[in-house]
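The following blocks contain the structures, represented as structure tokens.
Shared between the two complexes below is chain A, which has chain B as its partner in the first and chain C in the second.
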Partner chain A sequence: MLRKLTLLSIGFAGATSLCSPAFAYMVYVSNEKDNTVTVVDSTTMEVVRTIDVGQRPRGITISHDGKYIYLCASDDDTIEIIDTATHEIVGSLPSGPDPELFVLSPDGKTLYVANEDDNLVTVIDLESKGVLAEVPVGVEPEGMGISPDGKSMVNTSETTNMAHFIDTATNEITHNVLVDSRPRFAEFKPDNSEVWVSSEIGGTVSVIDNSTREIKHKISFEIPGLRSEAIQPVGVRITADGKKAYVALGPANRVAVVNTETYEVEKYVLVGQRVWQLAFTPDQKTIISTNGVSNDITFIDVATDEPVQSVTVGALPWGVVVSPN
Partner chain B sequence: MIVPGATLAEISTAPGFSFRQYLVCLKGILIREGLRFLNQRERFISSLVRPLLWLFVFAAGFRQVLGVSIIPPYRTYVLYEVYITPGLCAMILLFSGMQSSLSMVYDREMGNMRTLLVSPFPRWFLLVSKLFAGVTVSILQVYAFLAVAWFWGVRPPLSGYLLVLPALFLSGMMLCSLGMLLSSMIKQLENFAGVMNFVIFPMYFASPALYPLWRIQESSPLLHKICLANPFTYAVELIRFALYGQVDWHSLLVVLGCIVLFLGGAILAYDPSTGLLVRRQDTGGNA
Partner chain C sequence: MRNVFLVSISVLLSASIICDVAAQQPAKAVKPVLEIKLGYIRAYEPQLALSVLDVAPRDEGVAGAEVAVADNNTTGSFLGQKFSLDVVEVKLGADVVAAYEELVQKGVTYFLTDLSAPQLLSIADLAQDKGLLIFNVGSTDDSLREEECRSNVFHAAPTRTMLADGLAQYLIWKQWRRWVLVHGSHDADKQFADALRRAATRFGGEIVAEKEFADTGTARRTDSGVVQIQRQMPVFTQDFPEHDVLLVADESEVFGTYLPYRTWVPRPVAGTAGLVPSAWHPASEQWGGTQIQNRFAKANGRRMLSKDMAAWTAARIIGEAATRTQVADTAKIADFIRSEDFSIAAFKGQKLTFREWNWQLRQPIFLGDDRSVVSTSPQEGFLHQVSELDTLGIDQPETKCVLD
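Take a look at the complex of A and B:
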């Protein structure tokens, strides 16, 4: 009898461990208005702590080893480095004026920063914390995307309405592609074949062929009952298998799920107000949106594309990044 | 010839039935209610069309395309059609409960009621069986509605479809027993139209079925208080929480309390010796 009970309890323990939730990742959200970063546990979906940071935090990313967070403190004209173990600011990087958004190179050594007020892309070496180069680009640079092989980088300029392709070896612009009004974000497809650029005012996502550097398709969005001006694409993320893309649609309060083969919108996921940026958890099971006006983030299940839960964070959440481990 | 009054009382309180005999009685009443429902297809269709109209037409007009703010039990933003679905489930129960009562008034007028009430089983058992039969039929209607709503994009978690069953049953019992209590006070079928206007509609509109309570409170504190005094409010919330796998204990207690109150009242009212029915018949006779 005792043996049976032991076996049963082992079986139960095994079953529970199989059913146990995914590994807890830390979600870091930059809150533009109250100068904080909110840390949220991805499993419990609860706020773990709030870190005071510099003024107007926007772009946020994390080192590949998960030890440091890099944060654009736009109004302080600096990039702050936060230790993820202590949640303390441990240093800063010379970003140039008004850094808004940046991208980390695949080898984790170089940071490419868009300086909105200076019409520059600043290239920073993370080891020496020095500026390697400054690349003049169009007016109001914002979106930053880097190819999976790290050889080319795309910057979008909001006012010039262009996607600038920059060779990362020479730090020079090789191609300029005219896209729709106010391009906000650039994202390479994992197989390096395409670059997706969102245009906030144009209401479209331009799919640029990475070999020809020409637009091969434009994705537009339509939500019944919503005027087209309210549909403003911003953040874009593509799954690691390259099959689905998620596009944050700003004041439409929705994230569009796009089939990357057919370029058809498969679903609109209702989230909070003025959805801005997106980030996957490393296991790609969840994608998280920042909802600026409703001061919350929404966890979306990638398998079902259903919103799971919204969590209140700081004031005007802007950027989001998830710890890699 | 069956004479109502004391003779009936004597027959209906005859003790000493076995459990099996009770079951036979319950089965008879269930079959009768089921047959009535099956034979009145238009009743089934109308019971389905009413909430579907609200879902397709009303909810489309008030769509709130940018989502309803997060309120428990919802964990994120929902569309208006998702919000009003639990209220529409409760509406089916409300109409069905009242319709079931309507049938009692009809039965009484047509004399069918006597067949039931002269049964030697205790009166309370007959009434509870009748309630049970009515609620069972209305729960079937709710599930038919939820199935159509699923295709309309209203998709609560699958477990919710099972967990909502006890909530539907209790809410149905509460509303049906309220209808039964009301039916005891109505002498003629025609008076039932008054029930529609003075009971069903006020109960439905003064509840969180259509708008969240916080929004009602913002626009009218008085209406908010009325909503809180409305038993239907708690039926809606009980169903809403259950559909999302949660128990709203406050609503559960209120609904249970109301069942005891309304059912007790109905049993008293239909009691042949003390009931309102007898008094009414007496009054009717004297008039």
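Take a look at the complex of A and C:
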């Protein structure tokens, strides 16, 4: 479908951007400390706009049709809806207190929100903007991953140190898997076979078998000249073909590239300082990291795994999402 | 919201009773609930402070333990574990054996203590005989980790030498190497002064002069008067040789707060006033700190202080060990805490582990003024072959601790 969209766009592109070699996506970055979202053009890699948003923006995602940005305004206890055409805030969702991170169901209809202060996962129906369920989870829920088949979602609780598997049909916890300290992020493999859970303080990524719900492998990281305590895995993204995983390593200032077959780290890509979250462009040619302390984002070329360019955004960039079209 | 929730139950699930139960209780208890009883013994009497802002909150420390027990119970709800906390208070310097026995009678097997060194030692061996564990959250006394160390006493609070080293590393990093030292006349003040002298020797600072500020028994802020302080402090610091920083060791709250801005020459003050090293800072927001700060403030209506953090950490250590081992038994929990597998996350940017030679928790030291965090130590460039956290405090080669 993506490919179709791209072709279509090229057909129409003649009038506007003939010389543009790649399709321009919009990159949206939430800046935790200055209450803004920075909009960056993925082709020119330049800031095109800064949107004023609610307090302490963190988790950010986009509707499948690209029309709306959903943004956790954590200190306002709400999720803001931003119209991508006008860059105006056009509504909000009843997120529950202190929403930090969320995940959109594959059908685009349901949003699963981690409420950090209340140890809850709130399930929101996007059409009615109503709360479908609240699922009690461990202390400081953060990471939210959903299986591509939409059947199960995983929440990680940072102080309880568990990956909670929630059946999306019943909104009940089915499995609790203990992982290493401060689990931050959960990412399913595209074939539903595994969930990768990063542990920031533990310094590892646990690969959980989605059929047995047991840890089948733990990935650790080693960077010459760096103390092991400085290696703190947070954001994880796996390519659409399931072959490569990217793991943001926090104050190690690097993104690890992991072979998903062997679980070996194949490369460490040096980016900005304190790298947390990651997002692919829809064409999978680029992955973008948010670097909180250096207030920038880094574009990494997925073919070569080389950093291409860093772009200054707002204060303490936290999350990143790229428009689907 | 509640309406929507109820509607969703009836629409989505015909077996609404099952759903309701599941929503209330995160986990179905498949096995009997494991009870883990924590006790908290503290020596408490209202204490004077030079500034009314520094008067300790009534529940200092205890409030942190309560938040951790609530956290442990959230995790415990998935594992069939229930944590409880019983608090007993005694007077400063009073006998604590009766209080300890009272908690033992209630079935407490894990003790958090905010006691003086002699008080703690009076129950340490009694607890050892019964196989019970003590977590020191209140005493910074180095002797408890050195000559008087015990194999059943774990220390969540940092020591005076850790605090002094954390401060000294920063001053050296700043290239502020020439120090003068003013210390109080009480034992605690002298011990912190010793820790500062040791830190100077270790990291290349130079204490070029020292003075004692004797406690002459005034009623502090009530009768000393602003005018007197403003005139006396410059005179008291007038004859110091040239220096970069004035260090102050006044744990007893007799004069330290009066030094900043009142010295003869304009120099920064550090130690127990000015730039203060501590286990936690109420304004720390780094490393997920906002989350524990919010949780603590919501539960207690005030900011989180160092002793609250030490107590939170101690109760979380017990919780973490119970989560990983799935037992309540003190011997198995102690084995796990002492093992290489153990670590705890406490919003300090890295995992914390225990020094296996005296069961002191390794931890970064915050350096802050009364508004904000200035820095955290260890500082860049202070290297160590095992853990950079071991550049803070008495290290293994120097320890006098012999564990049985």
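To be clear about the criterion, the second predicted complex is superposed on the first by the 305 of 325 C-alpha atoms of A that agree within 3 Å, B and C clash if a C-alpha of one lies under 4 Å from a C-alpha of the other, contacts with A are read in each partner's own complex, and residues count from 1 in each chain.
The rule is simple: contacts are C-beta pairs under 8 Å (C-beta built on N, C-alpha and C of every residue); 3 or more make two chains touch, one makes a residue touch a chain.
As the structure is a computational prediction, the values presented were derived from the model and not from experiment.
K.L.:
Should the superposition on chain A be reported as showing a clash between chain B and chain C, or a fit?
P.N.:
fit
K.L.:
According to the stated criteria, A:46 is in contact with first (chain B), second (chain C), both, or neither; which is it?
P.N.:
neither
K.L.:
For A:176, using the defined touch cut-off, is the partner it touches chain B, chain C, both, or neither? Pick first, second, both or neither.
P.N.:
It touches chain C, and chain B stays clear.
K.L.:
Which of the two partners, first being chain B and second being chain C, lies in contact with A:253: first, second, both, or neither?
P.N.:
The first partner, chain B, only.
K.L.:
Which partner does A:272 reach: the first (chain B), the second (chain C), both, or neither?
P.N.:
First partner only, chain B.
K.L.:
Counting only touches as set out at the top, which of chain B and chain C does A:309 meet: first, second, both, neither?
P.N.:
The first partner, chain B, only.
K.L.:
Under the stated touch criterion, which partner chain does A:226 make contact with: chain B (first), chain C (second), both, or neither?
P.N.:
Only chain B; A:226 stays clear of chain C.
K.L.:
Output check: A:138 vs chain B and chain C. Expected answer is one of first, second, both, neither. What do you get?
P.N.:
So A:138 only meets chain C here.
K.L.:
Mind telling me which of the two, chain B or chain C, contacts the most residues of chain A?
P.N.:
C
K.L.:
Least CA distance chain B-chain C after superposition, rounded to whole Å?
P.N.:
The answer for the closest chain B-chain C C-alpha pair is 12 Å.
K.L.:
Do chain B and chain C touch any of the same residues on chain A, and if so, which?
P.N.:
In the superposed arrangement, which is not itself an observed complex, chain A uses no residue for both chain B and chain C.
K.L.:
In their complex, what parts of chain B are in touch with chain A?
P.N.:
63, 65-67, 70, 75-79
K.L.:
Where on chain C does chain A make contact in their complex?
P.N.:
1, 4-5, 8, 12-13, 19, 22-23, 25-27, 71, 74-75, 77-79, 288, 291, 294-295, 298, 316, 320, 323-324, 343-345, 349-351, 388
K.L.:
Within the complex, which stretch of chain A touches chain C?
P.N.:
Contact set of chain A toward chain C: 94, 98, 116-117, 119, 130-140, 157-162, 164, 170-173, 176, 178, 181-182, 201-203, 227, 229-230, 251.
K.L.:
Can you list the residues on chain A that touch chain B in the complex?
P.N.:
Residue positions touching the partner: 223-226, 252-253, 270-273, 298, 307-310.
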